[in-house]
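Look for chain A in each of the two complexes below; its partner is chain B in the first and chain C in the second.
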Partner chain A sequence: MADYTKMWKSLGIDIENHNALLAGLGQAYTDIFLSQKNRPEGMKYFDFVMSEVHGLRIKEIVDAKAEGRKVIGSYCVFVPEELVLAVDGVAIGLCAGAELGFEAAEALLPRNTCSLIKSMFGFKLGKLCPYVESCDVIVGENTCDGKKKAYEIFRPLVKDLYVMDLPQTKSETGRMVLKEEYRKFIAKLEKESGKKITVQSLRKGIEIVNAKRKAMIRLAAVRAADPAPISGLDALLINQVFFHDDPVRFTDSVNKLCDELEQRVKDHKGVFPKGTTRVIVSGCPMAVPNWKLPMIIETSNAVIVGEESCVGERGTRWLTDIKGNTVEELLDAITDRYFNVDCAVFTPNPSRVSHVKDMVKKLHADGVIHYSLQFCQPYIIESGPVEKELEKSHIPTLRLETDYSQEDAGQLKTRIEAFNERLKKK
Partner chain B sequence: MRYAGIDIGSRTVKLAVIEDGRLVLSRKSATSHNPLGIAHELMEGVDYDRLTATGYGRHLIKGHLDCPVVSEITAFVRGSRFFSNDCESILDIGGQDTKAISLDKDGNLCKFEMNDRCAAGTGRFLEVMATVLGFTLEEFSLAALSAKRAEKINSMCTVFAESEVVSLVTQGADRNEVALGIHKAIISRAAGLLKRVAPSGKIFFAGGVALNGCARSLLEQETDRPVFVPPDPQIVGAVGAALVASENS
Partner chain C sequence: MADYTKMWKSLGIDIENHNALLAGLGQAYTDIFLSQKNRPEGMKYFDFVMSEVHGLRIKEIVDAKAEGRKVIGSYCVFVPEELVLAVDGVAIGLCAGAELGFEAAEALLPRNTCSLIKSMFGFKLGKLCPYVESCDVIVGENTCDGKKKAYEIFRPLVKDLYVMDLPQTKSETGRMVLKEEYRKFIAKLEKESGKKITVQSLRKGIEIVNAKRKAMIRLAAVRAADPAPISGLDALLINQVFFHDDPVRFTDSVNKLCDELEQRVKDHKGVFPKGTTRVIVSGCPMAVPNWKLPMIIETSNAVIVGEESCVGERGTRWLTDIKGNTVEELLDAITDRYFNVDCAVFTPNPSRVSHVKDMVKKLHADGVIHYSLQFCQPYIIESGPVEKELEKSHIPTLRLETDYSQEDAGQLKTRIEAFNERLKKK
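This part shows the complex of A and B:
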């Protein structure tokens, strides 16, 4: 990697701690990803992206800023990238997947706060994330009470925090709330960028994002094969890169990888032997570099064939209808698309369980591992009914609750091995 | 053919050998700081054809003895059926873990739950509390059995509970009643775990805590279900691992 110290300094990054972070990340990446066997050639692009995650990609973002493009950061799949692209902005997902700066975060937040929120604070307070530091606007989404209240404390820490409210019911009123929030967001984007969203610019934004999601849908489908053509770890990585890479280049790289994977399927080649136990991971999102659980699963005689998560199918499976002839019609189509997202913040939320069941069927999975972050009330509370419904349909389910630390790795391994032994017996 | 199973637990290492469907040898020893050394000591002079390891240290052994491993959950499922052929629910309270397991009619694993990360409500918890009260483990159980009423213990965190017990003792609470309170606290928690996974039927009680008479009788009272304790509840996992070794041959 080139020397980016000057760029990082100009963004206000704490160079010493950041170097330590990159060294740790690089080692973890080597141990977890590069040590895998039979990886597809197409993963080389993603290895490169990860090696330059705080380098080249940040340089591109800094260059885009110099051209007058606005950088919009967010933490959630409810912020439509289509709208950001329609004002020629850059949309990026922000870092919240590592146990970093927790001590500083705990000075502002209760200890019993979920790791995702603590990590969001930790990266900012530790001056460790060039993405956060590059943002012109950070969008906070009220997907749970924890985030909602945490944004109140987060606001003075960043340049411009824009909070987006979200409905909690899949009702006509809920849909109206979402549409109005998106309308307000358009006004914010137009004001920031000095550009007006037109039918043409919005359609172009939708096309770019639709193409990106189509590539992810293609990737998801190819994983139905046995032997699995790609590991769950690699697929998760692609889902993570989805949030911060250039969308057109990313789409192209995923499609190229899919060409290779489809050929692998024809040749009956895979990353694990045919007949390996297949699981789906469902629940909370896993932001970079949260790889603990998938690593334990895939080193315990099982392969992950799908992610029912915001970093996974919940964020990628629906496309936006492009037929509208006015900005208003296209906004309706965007609202309809995002209103499908079955986040646990919705009550009730039955479509999520149906989706997990569909995935189990389509991907020929043997069981489901439900992942909740500790103190994430929506997903932890929903995990009980999800487990009950799945087991009722004879889908073995294991509920796990964990955080970003390594202290429970031994216990998680015991549980996951036992669960895989249960699935093998089926 | 002789099949051996070794269970490297956090507090005790156990070894069992099965031949012609009979348990022909069992040994155990405290894990200490050197589980691998203890395992080697236990294996000395033991003749077997196949070995399978289980327990916390299973992956450690795997690297040294080149044997397959099986999770404790599966090991307990197999082991419990060896001692009780109709067993459908297992409670294992070991050194660091509490496990509740349910089996189907054919003896296959259905569901299981484990305590989270720390040793709240496990054998280690009982050991620490016995020490705080100045009892040996044997005295601790007898003292609890002799109490007419129990002091309420609210905390299940070992460190918090230690403070609570110290506080009760300094207020002049009866030592035996505190002992009973501690036993009640861990059994009601373990029973809760078991009820979620396996709500009815006979309970197969395994692990070191099953040796504790007070824990056994409280489990019966708390669940109102029959409790079966095998002759040596600590070796169930090792026997299960030996049976897995025989199945894989």
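This part shows the complex of A and C:
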């Protein structure tokens, strides 16, 4: 591995703590991912990406900046990468999944804040994330109360925080709010980059992101097979890398992997024996390196065959219509695409549970594990009605509430094993 | 006291538990309110109102219904009483302040839900609130995540739940969202009542509510005097009665009380000795019978001279411009008035802390006690920056987080006494 110390120093990274973070991350990756059996060959690309996650990819981003390209970081799937690409920018997902810097975060935030938000502060305050430090603009958004109010405190910590408003209902007014926010975001991107979005550049952006999402939809579909051709852990990892890799290279790599997985399906080959208990994980997003729950599930005699999550199908399942002939028409198409996203911050949010049911059917799942981050009110409150609706449709459901610590790992394992037993007897 | 059992039965009230509730409430009222010294004569009206809170007032409401008037319940100061009055309706605030029915509520809601929301469910599930049971329509609103998502679960429990969307920013789009929601609400009210809102009826509604708010502004102003002519407990009570009493009679009673209080000021008479430590309470609303914190404060050598809360100045301080000559113009004026409300669900929300500072100055307060309900993310997160800003302006601030239980009363008293000592030394 190349020595990136100079680059990290130039970004203001705390070298000592960052080295410790990378060492821990590398060990966790070895233990959790590389120890898996029957992994597809195509995962080697993603292993490489992860081994260089704060190295080569950051160098690419730094090089892009040197060429005058703008780096736009965000924490939510409502921020359209299409628009960033249309000004030749680099879009980076910044959500953080590690319990780091929480003491510093809790000096600014209530203890009763979800781990995702604390981690976002922790990485920034600890100077541990070269992605955050590379950003020209960081885009926040008014999704949940936690993030909405936390961005007010986050603002003075970063160079340029731009907060996008979001609607709370799937109404006509709601769609209008979203479209106007995207229009304002275009103006911001044009101002930052000094580039005007054109029909051509926007269409190109949409095509790149559509291709990326198509590859993810292909990956999601192949997991319907029994035996499952890929583990849930590996599929989650790909969904995580989705947010920070070069989009074209990423798409190629996912498609190459899918070629292999489709061949595996034809050959009836998989990562776990045929007949292994199959679950869908539904709920809050899991950002790198939050692999706790899937690791517990897949070492408890079950395989995850789908993620109903922002880091999963909720973030990838719709494409954007490319037919428009003007920027305005394409903006409408982008608005329509993103307005589908069935995050629990919307009220009511019936399409989410319908989608979970569809996933169970298409992916031949035996049950659903609903995952909420502690203190995430939208998903925790919604989990009650979701469970009720799924159980009414005879889909066994387990509701879990956890955080980024490892303290509850044993307790989670006990509950998950009991649930998997219930599924086996079905 | 008249026997209302028949009326309560007809409303579906659980008589036995409701009797127990009233007995407990009566005792608490006696202990907390009637035990105060030097109370103004004008409080007798409010004592009477409270003694008949589930009796005579409910009878009035039931009688109004018999005359064909519609009863509209709500949980938030963003629901304009002006519009309800314009269709000759009765507007009732339903927020609940008692730890009742929490076990039943927690079967539907996460335990990590604020007491206010649990109480809203508890009163309904326990059949303990004749106000809720009298409503033709209950209006919810998308303020915080907790309420927004809880209304989805509340819907099947009530006859007609109407949920109003609300903006999250004080932007042009935000104002438009609010105005459109008020327009939709007018349509709903017109449909329910069979009455069309006219310039005359709307102006009359505005005048009634303006007069009510003017009386509250007068009451707020008189508390600037030292000695304070009225206790914070009594002033809070009046702010609570604001939400369910007949508005015209209420206004008269507040004005009569203010005549007396203004005379007290001239005579240098008050409820506590001149020089008593003065505090502002800022934060979450306190619904009846949530009197825990003010009682502790005012039995700890301090007097509350203002409430920066929805049940307080945040709900009462602006009037609506009456100049408009069309329903549209008056609707604009109503939108402008309510768009001022600086609830912590807005981001950013700078006018709230400015208002707290203004209150400290005008009311000659020595410090601020910031009150958050546990799990209320908007106010808890905002309390950090609010404290920082106030302390920067040399305004001592104490942040408290509590719920409806009495378990932490001792701990709160210790902290409040220590804070009051700090203020005395200032």
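General remarks:
Keep this in mind: the second predicted complex is superposed on the first by the 425 of 426 C-alpha atoms of A that agree within 3 Å, B and C clash if a C-alpha of one lies under 4 Å from a C-alpha of the other, contacts with A are read in each partner's own complex, and residues count from 1 in each chain.
The rule is short, and it goes like this: a contact is a pair of C-beta atoms (placed from the backbone, for glycine too) under 8 Å apart; a residue touches a chain by one contact, two chains touch by 3 or more.
Keep in mind that this is a model prediction, so the values were computed, not measured.
Applying the stated contact rule after C-alpha superposition, one finds that A:Gln377 touches chain C and leaves chain B untouched. Looking at the shared chain after the overlay, A:Lys425 reaches chain B, while chain C stays out of its contact range.
By the touch criterion stated above, A:Pro110 is placed in contact with chain C alone, chain B being left untouched.
Between chain B and chain C, C touches the greater number of residues of chain A. Of the two partner chains placed by the overlay, neither chain B nor chain C lies in contact with A:Leu11.
Across the two superposed structures, the residue set of chain A contacted by chain B and also by chain C is 401.
Remark: chain C residues 108-110, 112-113, 142, 144-146, 148-153, 163, 165-169, 171, 173-174, 176-177, 180-181, 344-345, 347-349, 374-375, 377-378, 380-382, 384-385, 401 touch chain A in the complex. Contact residues of chain A toward chain B in the complex are 391, 401, 407-408, 410-411, 414-415, 417-418, 421-422, 425.
Every residue of chain B that touches chain A in the complex is listed here, in rising order: 56, 69-74, 97, 108-112, 114, 116-117.
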